[in-house]
Amino acid sequence: MLEVQGLQAAYGASQVLFGVDLAVGAGEVVTLMGRNGMGKTTTVNAIMNIVRPTAGRVTMDGTDLGDRPTYRIAQAGIGLVPEGRQIFPNLDVHENLVATAAQRRRGGSPWTLERIYQLFPVLRERRGSMGNLLSGGEQQMLAIARALMTNPRLLILDEATEGLAPLIRQEIWAVLERLKQEGISILLIDKNVRDLMRIADRHYIMEKGRVAWQGSTGALRQEDGLLARYMGV
Amino acid sequence: MNSTLVISQLLNGLQLGVLLFLLAAGLTLVLGIMNFVNLAHGSFYMVGAYLCATFTLWLDSFLLGLLLAIPAMLLVGVVTELLVVRHLYRRDHLDQVLASFGLILVFDSTVHMVWGPAGLTFVLPAVLNGQVTVFPGVEFPVYRLLIIAVGLLVALGLYLLVARTRVGMLIRAGAANPVMVGALGVDIKTLFTLVFALGAVLAGIAGMLIAPITEASIGMGKDILIITLVVIIIGGIGSIRGSFIAAMVVGLIDTLGRSYLDDLLKLVLSNQAAETSAPAISSMLIYILMAVILYFRPEGLFPPRSR
Amino acid sequence: MSRPAHWTLLAAGLLLLLAPQIIGWIDKPFYLDLITRIVILSIAAVSLNLILGYGGMISFGHAAFIGIGAYAVGIPAYYEEYSGLLQLGIALGGAGLFALVTGIICLRTRGIHFIMITLAFAQMAYFTFVSLDQYGGDDGLVIDVRSEFPGLIDLESGVQLYYLSLAALALALFLVHRLVHSRFGRVIEGARSNRERMHSLGYDTYRYQLVCYVIAGMLCGLSGWLLGNFTSFISPEMMDWTRSGELLFMVVLGGTGLLFGPVLGVSAFIIGEEVLSGITVYWQFIFGVILILVVLFARGGLGRLLLRSGDGHG
Amino acid sequence: RNVKIGFVTTLTTGAAVIGRDMQDAVNLALEQIGGKMGGLDVDVIFEDDGFKPEIGKQKTDKLVKSDDVDFVAGYIWSNVLLASRKSALDAGKFMISSNAGASQMAGKFCNKNFFSTSWENSQTPMALGEVLNRKGVKKLYIMVPNYAAGKNMATGVERTFKGEIVGKDMTKWGKSAQLDFSAELSKVKASGADALFIFYPGKAGGAFIKQYEQAGLVGKIPLYSVFTVDSISLPKLQKGNLKGVLGSQSASFWSPDLDTPQNRKFVSSFKAKYGRYPSFYAAQSYDTIFLIKSAVDAVKGNLDDMDGMRAAMEKADFPSVRGKFRYGRNHFPIQNFYLLQVEPDADGVWTTKIVETIYKDHQDIYASKCKL
Amino acid sequence: MAEVVLETVELQKSFGGIVATRRVDLQVHEHGVHAVIGPNGAGKTTLLSQLSGSLRPDSGEIRFCGRRITRLPEHRRSLLGIARSFQITSIFPDMTVLENVALAVQAHAGHSFRFWAPAARQRSLVEPALRALEQVGLEQRAGAQAGAMSHGEHRQLEIAMALATGPRLLLLDEPMAGMGPDESRRMVEILHGLKGSHTMLLIEHDMDAVFALADRITVLVYGQVIASGTPEEIRADPEVRKAYLGDDGEGGHA
């Protein structure tokens, strides 16, 4: 579904990505792992053309996303839960959810306000609160919910469970598993390696702006010391 | 006190308030929502006046003049946004101040080149040029009543647009985090262009409405700009409702100050001193008002529910 | 600072020092006026840069301090009190007091609200002087005799006034330079960058900002005092919001937060105005376009543009 | 060496129309004298005061110091003139006001090197005050801009008008002048005045008259003005078909139809060259050039002979549009003042016509305060 | 038991209709790590903000070392020795990493009305700052511009700044958030090392870290304390498991 080849990117003069290759198949859950500062977020931002790639190709279902502006890439069916939540502080919860809501996926059962509120009852309670007054975890739920409301075909979660209580985190994993069954592809960045191994199909490990290892969950379990080497786990 | 005079002055104040609101609405949207400090907003007021005067003189009809000038203003707004403004949303306020000051100079001198230094006047059609009796004994110019009506309509429309529609939400969201709005699949740039142009049109309409009363002249935008800024600050930046109320308050204070302050001052000062200082002090009133309001409510009267 | 930048500075300093002689040779006495004006306004711009560039306090009412400084020459002169020391004292004291009183209120706000409330106070000062009919009101007042420092310096001489202004500018620059690198300066910069965090670190930023604001106000009052002497004419116009605006533009044009940025900005602005207005009555058009281009393409002002090209060589 | 004349006027802002009229008149005069005075070539350097006293002063400084002119002339605005006087006069230059007539310049600040080709501010309104008395006006409302000349004008009319002043408004002037007079006009309406006196030079005049009409005051409270209804505002008023102004009366020392040889020549050649009526600003500027010429001619081009030139100018021995006149000892003209009325001319163009003479050989009252 | 450093009595705070802190009594003992856990939106950050002084409680009292500080402004509390790290990174992005920390040191080195001597060369500021950077493992980045670092590095800097003020009491709001597993573990070690010398109040959703560090745990739900006790007691508490931990309570063992 999503294919990334030789992606490079830089912040000003300092290059951060040195040719990243990765792919996410339809209905697949793929993770991107690596220590802090290895370029995971930058990869995501380069895919979305938030950070303009200096080289490389990004295709979705075979069509080149090329130099498209970010909104066109999103319209192609990518839903992003960005690092650091980035909810709209001056919109209330309800507005955050409906402002950018869309229907980018055929089939399946679309996400509606009602379903979102069932998933995160706190958000219903806080419906009228401004985004910036929410607690950290509430904001995080809102960011996930907001991406779901665009009914994407590919969901990218960049540290989406940061600051979430254990119960809620489990809830999120359950949702991801349901989405996967509906055929939605997922690209996942998270630090809970144990959970990732449970729900993901394949993994990419990044180091210094390159993919240092890739393989299935099985392979990751087997290769001894791999996680310790790249992640210190 | 003479009650018919009081009523006329209240209406005068209301009319000035409405005019200020037309200007403030666009400015508060652009500043509060898109976070762009547009000092050139007053220039749209001026350009609107000139365009309307030109078309009116050309077609010999105020109505047609208005109808042509409005789309022309839209164009002016769009072009300004595309060429300059859109590159500055993410910059700090100082860059915006500098660039929009540059825009003021460009607009002023362009108008000077095109229309000359003299200013343009035209006269209202006879129907609008008279007076009506609004209350027994109180006659008021028809045209000024019309301005009041237009302003109230625009106020309502804008309120509905921003507070009640998804467009309003998107604009506000885009103000806070345009990248994120884009990442969620909305073409925020185009939306911003349209909002900016809408602000330009509103300011232009204010200019079109005032032109038959005063005239279209260079520099008319500069002073009104500062008063407009005062209005949106008092009202709370970004709040349409706030700028409406603040515009009315400022309009009334200015008008009443101009009409009664010298009499008041004469109670404490010599006639001569009162006559010469009254205009200055009445101009000062709105700034005093702003400072007092900011002292007690540092975000203005109706701060938007969040920054 | 890079080497070429040092040389440029040295050259510029030398040029300023010898300016009256050079102007004498080429026999264009009016240029002395031009350059004196640049030097005097530079002091005001340096003061604005202190609070704006380093402290993040965007004052849109800085011209009020200039006006206060200038009226400190004019009003005593109106009563035939020409003592320079007294007038200077009134200028610094008046500007400092005005900064203190308004600062206490202004610093409660921030961002665009700070911009606007400083504007409000400047406008109040403006209209106050407009309403002072005695001192000319709107029409202003001609100063017949400049400040007197018997036996020290004669300001009626344009050259001496110029050197006094130049010395004041040098002093202002040195003061600001030391200030911003001191502990005090760090606090001011921290408060600009992230005020909440400063509080949680244990700083009462309000007090520091207020002191900084007062220092800037006094510096600007000094500039106004010089300006009053220089133009021998004062009017409320000097504190009009457009003046505050121009001062802001000059600082931003030169590059905020750069020590010499303001001087550069003022020079570019005034020389640009002078040259362009000599070419065509539509000079404002060209000037406006240049301003826009500077913002769009020379981010960080002319000062940073120079530094960047300087780095390229060094 | 050339005769250098610096001419300070307003070339930007809305008041630039006035500056243009003056500039045109100066150029016309230069053309007619073949660009020569006393055998020397004439250079005129125009400077823009931007409608601000401070800039006017700066420009005067520049003319004096950088261009080293022999005469500084021009000046529309009293406040600009007052701000600039020291720069020119202290440098020992001749200063000739082509319009501004600040009372102070006629009185305590009068100077041997200062000459006016216009009038002292309060003379014209004083003349108008007489007219009001003759018409039997009992209650007068005064509206003037709040600056030096505005104050002089109000003082002038108050000095001769014998009835009651029922109201007086001074409105903001200068670059950010007030142009919407709704509040003031409501007061006028409610005041019970039987005449309204105004002084609104330049663009403010047109705006005022429109609103006067919109407020329904035409025919109710007659309008009397000085320096407001002139060849600058009338074309615009006519274009806007503001008939209310027809028949309105004002006082002035000059009108395009004033019947003197020099004036006939001036008006017809101005109209021929620029296709419009000259304004009084133009007439005064035109006179300025001829006054200077009389001085330079008298010393045969010896520009160092200041005393000779001064003596020549004091004689007022030049063809003036106002006919023969004298200078008072304060170097302000002693001249006639007329009552004017707005009427269409033979071609239907609105202009002012002289109705009668109000004052003959009138000298301003400040002359006695002049210590020359 | 060690001396009580921080104590709240019937602390109460509401936002409109939401009661974010409901009659909270809390005691933090010297040289211990006191963890506060609870579901999202339970009021943990709100509680911490009242302790640090950035929020005013509606009622109740806060005592620090026996002194009432309920109404004391934030910066004064900091000078008493209460330091805070923010849940949402709060640094000086346009300064270098070292300058960030040096500013924190300076805050506690007497008043800053020193207008003349250059601060950058003062060893009394720079050396403690470098030490704090070392403690969090950011010494390599001392010269980097703080704004241009990754999320995880920001979190480290955040802690370094809190440490640099030399506090008696550290209020840590999710210090592990956004850190990778490796960095998280390292942070646990750092905090562990501070245990002997500092008193800490820790908010954290990373249960591994909480159970590894905490001496006492307080559980907040809807602004109210529903349980308080040793890690073992809390882990065993069925209420807590239901409201917050879920199966993850086991996680602590892993």
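Chains here go by letter, A, B, C, D and E, matching the order in which they are written, and residues are numbered from 1 within each.
The definition used in the following text is that a contact is a pair of C-beta atoms (placed from the backbone, for glycine too) under 8 Å apart; a residue touches a chain by one contact, two chains touch by 3 or more.
Heads up on the chains, UniProt names are A, E = ABC transporter ATP-binding protein; B, C = Branched-chain amino acid ABC transporter permease.
Bear in mind the structure is a predicted one, so any value in this text is a computation, not a measurement.
More contacting C-beta pairs link the chains of B-D than the other of the two pairs A-B and B-D. Set against the Cα centre of chain C, the chain with the most distant centre is A.
Chain D and chain E have centres, each the mean of its CA atoms, that are 76 Å apart.
Distance between chain B and chain E, defined via averaged C-alpha coordinates, is recorded as 48 Å. Rounded to whole angstrom units, the spacing between the C-alpha centres of chain B and chain D is 35. Each chain gets a centre from the mean of its Cα atoms; for chain C and chain E, those two points are 44 Å apart.
Multi-chain contact residues of chain C (touching two or more other chains) are listed as 137-138, 281. In chain D, the residues that reach two or more other chains under the touch definition are 11-12, 146. Shared interface positions of chain A, defined as residues touching 2 or more other chains, are 133. Across the assembly, chains come into contact as A-B, A-E, B-C, B-D, C-D, C-E. If you check the complex, the residues on chain B that touch chain C are 31, 37, 39, 84, 87-88, 91, 93-95, 97-99, 101-106, 108-110, 112-113, 222, 226, 229-230, 233, 237, 272-273, 276-277, 280-281, 283-284, 287-288, 290-291, 294-295, 298-300.
Contacts from chain B toward chain D in the complex involve residues 2, 4-5, 8-9, 12-13, 15-16, 57, 112, 117-119, 121-124, 129-131, 139, 141, 143-144, 210, 212-215, 217-220, 222-223, 255-256, 258-259, 262, 275-276, 278-280, 283. The part of chain A that touches chain B in the complex is made up of residues 48, 50, 69-71, 74-75, 79-80, 82, 86, 88-92, 95-96, 98-100, 102, 104, 130-133, 146-147, 150.
Contact residues of chain C toward chain B in the complex are 52, 58, 105, 108-113, 115-117, 119-121, 123-124, 127-128, 130-133, 137-138, 241-242, 245, 248-249, 252-253, 256, 281-285, 287-292, 294-296, 299. Residues of chain D touching chain C in their complex: 11-12, 48, 52-54, 57-58, 61-62, 65-67, 78-79, 82-83, 85-87, 146-148, 173-174.
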